[in-house]
Each structure stands twice: as structure tokens, then as C-alpha cells.
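Here chain A shows up in two complexes: once beside chain B, once beside chain C.
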Partner chain A sequence: MDSALIPEGVKRCSFKKFAIWIGVLTIPTLWGIYAALLCWGKALNQTNLNDNFPFGFWIVADLGVIALGAGAFFTGFLRYILKIEELKNIVNFAVVIGVICYASALGILGIDVGQPLRGWFIFWHANVHSMLTEVAFCITCYFMVLCIEYVPLVLENRRIDAYRFFHFLSHRFHQAMPAIAAIGVFLSFFHQGSLGGVPGVLYGRPFAYRSGFLVWPWTFFLFILSAIACGPCFTLLITWITEKITRKQLVKKSVKETLAKIAGWLLASYIVLKIIDTIYWASSTAPRVGINFKSFYANQPYGIWVLITEVGILGIIPAIILITKQGRSNSALLILASFLNCAGIFMNRWIMTVQTLAVPVMPFDKFASYHPNWQEWATTLLPVWIGAMVISLSYRYLPIFPQERELNPA
Partner chain B sequence: MKDIHSEQKTYKFGMVIDLDKCTGCGACMVACMAENNVSFRADETDKLRSITWMRVYKMTNGLPFPDTEVCYIPRPCMHCEGSGHHRPAPCIAVCPATATDRDHETGIVSQIYTRCFGCRYCMAACPYHARYFNWWDPKWPKGMEKYLNPDVSPRMRGVVEKCSFCYHRFQRAKNKAYAEGRREIREDEYQTACAQACPAGAITFGDLNNPQHAVYKLKNSPNAFRILEKLGTNPKVYYLSTKEWVRRGVDHYLEEEAQD
Partner chain C sequence: MFPFCFEWVNDAAHFVFMGSLYTVLGLVFVLLNYCGIRAFLDYLYEREVEDK
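The block that comes next holds the complex of A and B.
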């Protein structure tokens, strides 16, 4: 039925099977849309957020998906700026994942703010001193860059490419890609850092506050590093899931190992700096305001296990696996390390936002806990289902994996 | 370029709350809600979603009976000064839409409800929990609309609100002074609702820079202190207490500091 749209020389499932798959994904999507409509229609009382936890699961998801989506800009940086040719075989997919991640972040923010129709105030009445302003400008601009990077992929669809105009347009886009990638890299470094600045500048919240360099707290730099460490791993993880679902090898192992090696060394560097930052924060920044850092972990469930899990289990272990040749050449270990790396960064974003708010600052204040309710889960998972649809459509109709034909001869 | 604020009479309005006098009766909270059209719901059991611009906290000395002592701490917005241009109040620095700012004339930290788009970053930044989000649309019991304060705009859902030091009273006092040909307002012309309602006279309000005002003298008392002073937020709300456990109980101290 849709065979004319499918790239040449590759095999895809029947249209019926594909339609059923999309139909299955539609069910949780509708659940998410319903929850979003509740939040818009009845206001944010539909969530478990409160005045102690003005930031919750949505902010964690925002910070998390933007870090996971860093695979797009960083793979583009490696491919187009550092000219690591091998990565051309995975950069297209990284762009698709990036588009989904950034669209998700913008979509979740659209539900998270109390007055979504005033969202444009952030640009119109911009406070240039606010980290969130910088984040808003950069992620909006970078999302446009990602869309521009995604367009040539769409133009490569067999049917569209048959038109001379689109064929040449696609060619021109490809020629401009290094410049577009460079813009993306510039914007991404800034907003990944600014996202780190969001908690790092909160000098009224000693758990999150960090000193730093000029106007940038140390978290600014840590967030950049952690994002470029986990972004490529998320690309590898989604590639693995796609391969499992399609039952095909789509990217050569050597390509994956190259990306894993780079991510591993970045993760190792990040963890070393994170440990130094934690030691400095615990021994200098917190005591300066009269706080023994152990008191930050006095309220369960946020015990010291949080720090050990984040840095040790979800940081040091995946870093060791990824930087050792034996580790990353073992497919199971590579995927495990990628998962741990991504989970670690997600956990870090939770700690820097939700745990920050959970720690009482006024000594006579009481600890309160927070957990997301179903509306928050449904809306946060919404991008997962829509993302799966976008990946399914892109995989079916666009030549996003250049090595697919070679690895899966007809 | 000429500084538009250079010729303006400036104040630094602040508050001194005597905790030895406070009985924790909550009259300040009630007066504040009525004066500022603070919305409420039929069921206010969820205190983490109740809007209380002025909130009375309870603190104890942690000792068992019969040595237990209790202190009540009324907490309005601290109207933090921060420390200089590069480190304003925690909330001002972070608001992405400039919906909160420090008024040059009064030093009061404002909240522009019609500009706030509800990101709640300011709430995360405030260590005093002085900022509140409107989780619901305000709904008043039938007939109560007639009793709302016409000088204060009610807030819509999805925006943040907080204590304004009854700024509308300052505007009213200023208008009166202007009509009478005066440039300055008198101390008694501008008082917050909480200060006037306190039956124990625990709350004193005025210009912290004016030696003629009571707060000027009170804030320089050896028993004066501020909450979380070490953070550097530089609040304009001071407290008084003759009890050391109260003075030390509102900030953090390391073990070695406590031994001093």
C-alpha cells in the first residue's frame, strides 16, 4: 500500500502491521492528551505539585530529555566539525532523537507553566539575568536548528526526492549542514549549561547552590559535560531498542563502539569533576552558611544512598564499562552502561531540582515529600509514545540508517 | 543618561517583629488575607496549597516538659535586598519575565500578576516559602465579592503571589501627601494590615533608613536578628527576642559554632 514511499533496497513490515503498531501507541497517547487537557482546563491543581514543590516531575523530565537529546548536537559536532566520518552512520538517527527530545521539553513546559498562553512573555519581558531566559531562548532556537537538520532527512524520502526541486534543496541542505551543526553546537553548549545554572544560582537553596566562574556556577559546566556524556549513550540505547523491535542490525558495531568510547571518557571526566564539586560543596560552600552537608541527607527517602547511587552505581560503573575496550565491545555491557549513564543523569536532574526543594532551608520548617500523580506521569510519558511514532514513521519512510542495506542484504 | 530615580524620595520599608510579644494568635494572617483579597477554598486542610502571605510558624526549644518553650514566628515576604546589583533578591534574579522586581522608591519587592506566567522559578528560589501559587481560580463565597478590597486586584489561577507590604496603602498615603502638598509621608500614614491588627503590638513597620521611625531603633537592638542571615539574602524583616535559643534557632550553625 505504501511501498512507493519506502526507501529502496530495505525491507519493512506490512502496512497493516505498521498501522496496528501505530494504533497501539495511540492508546497511551490519548491517555496523555487527556491528562494534558485536564491540566490546561482545570489548572495545575490536577497535579501533586504544591507550594513546597513548585518544581516536580515535569522539570526533571525537561532537564532530563534535554540532556538525553544532546546526542544530536554532540554527534553533529563530532561528525561535521571534528570530521569523524564513521559517525555519519548514526548522526541522522541522533537528529531524529534530538527533535523528539526537544519537542518533548517544549511540550512539557507548555503544560507545566501556570499560564501557558503567556509563554511568550519570557521573550517579550526577558530578564537577561535569569538562567531560565537563556534556556528559553536557546532551546527554542536550537529546536529550530534541529528541525532544519531534520528537513533534509524528510526530503530524502523516495517519493519526495523524485522531485527535482526537492532533490536539489536536500543537496543544498546537506552542503550547509556543517554551518547548521556549528550553530547547533553553540546554542546547545549554552542552554545545557544554563540548565545547570537554573539550580546552581539559587543562593537561597544551599543544597543546590554552587560557587563558580564569573556568572556561571559550577553546575553550568557539569551539566554541559553530563549532557554530552549521556546524549550519545541515549542514541545508542534507542538504536538498540529499534534494532530489537525491527530485528535487524542497523548500525555497525564499530560505529557504536566509537560513540561509546567518546561518551565513556566524557562520563569519566564528568564523574571526576562531579566528585571534586561535591567535595568542595560539602567542605566549603555548605559550611560557609553554617550547614553540615550530612544534614542535607537527614530526611528519608533522600538519604546518603542518593549520592552513592548517583555517583557510584550510575556514574563510575558505566564510565568504567565504556572506557574499557572489553566493556564496550560486549553488546550487553554496552547497553547496560548506556542505560546506567542515562539513568544517572536523570537522577542528577531529580536531585538538583526536587531534592533541592525537599530539603527544608529554614531550621524550623518541616520536611515534605513529593511524588508525581497519574496526570504528571501520563503527560510526561506522552512524548515517549509520540516519539515512538515519529521514530517508527522516520524509520519506515526515510533512509535514516545508511548502513541498513549493507547489514541486511535482501 | 539622567537617572530617573535620582531626584525621587526613597524609602527602605521594613518590619521588626518582636517574638517575645507574639502569642501566635494569627490575627496578622487574618488581617492580611482580608486586606489583600487572598483567595481561599472551602477545604483548606492542605497547607501546602493554602495561600498565606503572612504565615505564623511554630518553633520549640526541643526540650522535654517542663522545660519546653515555644516561639511563634510570623513570616511575611522578607523583601530581600540581596547584595548589590549582581546579587539581588533570590526571586528577582531568577524570574525570566521580569514579573518580580525591587521598587526603587520603597525597596519593596513587587510581583506583577499580569506578567507572571507561572513558571514558579521564584518559588524554588525563595528559602522562606514566602511565595504562593494559585493552584485554583479564586472563588469567593456568594456575596463576599462586595467585601473585597477595591485597591487590590485579585489574582487569577496559574500565577505566583506574595506579600506586598500592603503597597496599595503606600500609594494611598502618597496620594494623600501629594494632595496636601507634602513630599514625604508620615510613619503612621503607611502601616501594613498585619502591623495594625497585631493585638500584642509585636509588629512594627516603617522606614528602616529613617531615624525618626521606630523600626530604625528596633533593628539596631542587640536582640535583633533576621532569618537565615548567613545566606546573604539581606531581608528587610527583622525579629527581636531576648532568648538566645530563638535567635540561634532561625539559622544554621556548625557544631563548633554552637560551642562558642
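The block that comes next holds the complex of A and C.
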């Protein structure tokens, strides 16, 4: 039925099977849309957010997906600026994942602000002293850049490419890609950093506060490094899931190992700096404001296990797997390390957001806990289902894996 | 926010923040137009682009 739209020389499942798959994904999508409508229609009292936790699961998910989406800008940087030619075989897919991640971040924020119709206020009445203003500017601009990077992929669809103008336009976009990638790197660098800067400058909350360099707290740099370390791993993880679902090898092992090696060294550097930062924070920054490091972890469930899990299990272990040749050449270990790395990022963002707000600041403050309710879960998972649909449609109709034909001869 | 708005203040923060935003938007606009115009000329003269 849709065979004229499918790229040449590759095999896809029947249209009926594909329609059923999209239909299955529509069910949880509708659940998410219903929850989003509840939040917009009846306001944020539909969630478990309160005065103690104005930032909750949505912001954690936002920071998480933005870090996972860093695979797009960083792979683009490696491919177009550093000219690592091998990565041309995965950069298209990284862009698709990036578009989904950033669209998700903007979508979640659209629900979180409560009144999305006033979203333009941040541009028109910009508070130029706020890191969040910078984040808003950069995320919106970078999403635009990602869409521009995605357009040539759409133009390469067999049917669209048959129109000569679109064929030429796609070529010209490809030629301009290094410049577009450079703009993307500039924007990503600043918003990834500023997202880290937001908790780092909270001097009223010693759990998050860090000293730093000029106006930037150390968390600014740690967030950039952690994002470029986990973004490529998320790309590898989604590639693996796509390969398992399609039962095909889509990218050569050597390409995956190159990306894994780069991510591994970045993760190792991040973990070393994170440990140094934690030691300095525990031994100098916190005591200087009269706080004992142990008191940060006195309230359950946020015991010391949180720090050990984040840095040890979800940081050191994947870093060791990824930087050793034996580790990353073993497919199962590579995927395990990628998963742990991505989980570590989410845990770090949870700690810097929710745990920061949970730790009592004043002597008379009581510990308040927070759990997202079903509306928050449904709306946060909404991008997962829509993302799966976008990946399915992109995989079916666009040539996003240049090595697919070679690896799966008809 | 534009420099002629009542909220605008002539300080470094406004120039850096808003200046960066408009620079990026301008660059993207120029790039899109460049690609569009070159593609249109290619289409007009049927020139095949080598590098892809």
C-alpha cells in the first residue's frame, strides 16, 4: 500500500502490521493527552506539586531528556566539525532522537508552566539576569536548528526526492550542515551548562550550591560534561532497541564502538571531576555555611546510598566498561553500560532537583517528601509513545541508516 | 523584546542576551535563505551538486 514511500533496497513489515503497531502506541498516547488536558483545564492542583516542590517530576524529565538529546549535537559536532567520517552512519538517527528529546522537553514545559498561552512572555519580557531565560532561548532556538537538520532527511524520502527542487534543496541543506551543526553546538553548550547553573547558584540551598569559576558554578561544567557523555550512549541504546524490534543490524559494530569509546572517556572524565567536586563540597563548601555533610543524607529515602548509586553503580561501572576495549566490544556489556549511564543522568537530575528541594534548609523546616501522581506520570511518558511513533515513521519512510542495505542484503 | 520596548535597558546583560538571540535567529534565517536560493538556482539550471 505504501511501498512507493519506502526507501529503495530495504525491507519493511506490511502496512497492516505497521498500522497495528501505531494503533497500540496510540492507546497510552491518549492516556497522556487526557492527563495533559486535565492539567491545562483544571490547573496544576491535578499534580502532586506544591509550595515545597514547585519543581518535580516534569523538571527532572525535562533535564533528563535534554541531556539524553545531547547525542544529536555532540554526534553532529564529531561528524561535521571534527570530521569523524565513520559517524555519518549514525548521525541521522541521532538527529531524529534529538528532535524527539527536545520536542518532549518543550512539550513537558508547556504543561508545567500551567498557562502555556503565556509562554511567549519569556521572550518578550525576558529577565536577562536569569539562567532559565538563557535556557528557554537556547532550547527553543536549538529545537529549531534540530528541525532544520531533520528536514533534509524528510526530503530524502523516495517520493519527495523525485521532485527536483526538493532534491536540490536536500543537497544544499547537507552542504550547509557544518554551519548548522556549529550553531547547534553553541546553543547546546550554553543551555546544558545553564541547566546545571540553576541549582549551583542557589546559595540558600547548601545541598545544591557550589562554588565556581567567574559567574558559573561547577555544576555548569559538570552538566555539560555529563550530557555529552550520556547523549551518545542514549543514541546507542535506542539504536539497539530499534535493531531488536526490526530484527536487523542497522549500524556496524565499529561505528557503535567508536561512539562508545568517546562517550566512555567523557564519562570517566565527568566521574573524576564529579568526585573531586563532591569531596570539595562536602569538606569545604557545606561546612563554610555551617552544614554537616551527613545531615544532607539524614532523611530517608535520600540516604547516603543515593550518592553511592549515582557515582559508583551508575557512573564508575559504565565508565570502566566503555573505556575498556573488551567491555565495549561485548554487545551485552555495551548496552548495559549505556543503560546505566542514561539512568545515572536521570538520577543526577532527580537529585539536583527533587532532593535539593527535599533537604530542610532552616532548623524549623520539616522534611517533605514528593512522589509524582498518575497525571505527572502519564504526561511525562507521553513523549515516549509519541517518540516511538516518530522513530517508527522515520525508520519506515526515511533512509536514516545508510548501512542498512549493506548489512541486510535482500 | 526589542531595543525600542519600554522594558529595554541599555546595559551589558541586555546587549549580550538579546544580541545573542537575534544573532542566532539571523544566522538561521540567512542559512535557510541561502539554501533555498541556491536550490532554486540549481533547479533552474539543472545543476547537480557533487557534495552530499
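By our rule, the second predicted complex is superposed on the first by the 410 of 410 C-alpha atoms of A that agree within 3 Å, B and C clash if a C-alpha of one lies under 4 Å from a C-alpha of the other, contacts with A are read in each partner's own complex, and residues count from 1 in each chain.
In the analysis below, contacts are C-beta pairs under 8 Å (C-beta built on N, C-alpha and C of every residue); 3 or more make two chains touch, one makes a residue touch a chain.
Everything numeric in this text was worked out from a predicted model, so none of it was measured.
Student: With both complexes overlaid on chain A, does A:Asp365 touch chain B (first), chain C (second), both or neither?
Tutor: The first partner, chain B, only.
Student: Thinking of the overlay built on chain A, is A:Trp240 touched by chain B (first), by chain C (second), by both, or by neither?
Tutor: A:Trp240 contacts neither chain B nor chain C.
Student: Which holds for A:Phe165: it touches chain B only (first), chain C only (second), both, or neither?
Tutor: Touch partner of A:Phe165: chain C, not chain B.
Student: Touch check for A:Tyr102: first (chain B), second (chain C), both, or neither?
Tutor: A:Tyr102 sits against neither chain B nor chain C.
Student: Considering only touches as defined above, state whether A:Tyr80 meets chain B (first), chain C (second), both or neither.
Tutor: neither
Student: With both complexes superposed on chain A, which partner does A:Ala126 reach: first (chain B), second (chain C), both or neither?
Tutor: After superposition on chain A, A:Ala126 lies in contact with both partners, chain B and chain C.
Student: Using the touch definition from the top, say if A:Gln175 reaches chain B (first), chain C (second), both or neither.
Tutor: In the superposition, A:Gln175 touches chain C alone.
Student: In this superposition, which partner touches a larger number of chain A residues, chain B or chain C?
Tutor: B
Student: Residues of chain A that sit at the chain B interface in one complex and at the chain C interface in the other, please.
Tutor: 124-126, 129, 133
Student: Quick check: in the complex, which residue numbers of chain A touch chain B?
Tutor: 43-45, 49-55, 112-116, 118-119, 121-122, 124-127, 129-133, 136, 198, 201-206, 215, 287-292, 295, 353, 356-357, 361-365, 368
Student: Spell out the part of chain C that touches chain A in their complex, as residue ranges.
Tutor: It is residues 1, 5, 7, 13-14, 16-18, 20-21, 24-25, 27-28, 31-32, 34-36, 38-40, 42-43, 46-47, 49, 51-52 of chain C that touch chain A.
Student: Under the definition above, what is the set of chain B residues touching chain A in their complex?
Tutor: 46, 48-49, 57-59, 73, 86-88, 90, 93-99, 115-121, 123-129, 131-137, 156-160, 227-228, 230-233, 249-255, 257
Student: Going by the contact rule at the top, pick out the chain A residues touching chain C in the complex.
Tutor: Answer in residue numbers: 123-126, 128-129, 133-134, 137, 141, 144-145, 148, 164-165, 168-169, 171-176, 179-180, 183, 186-187.
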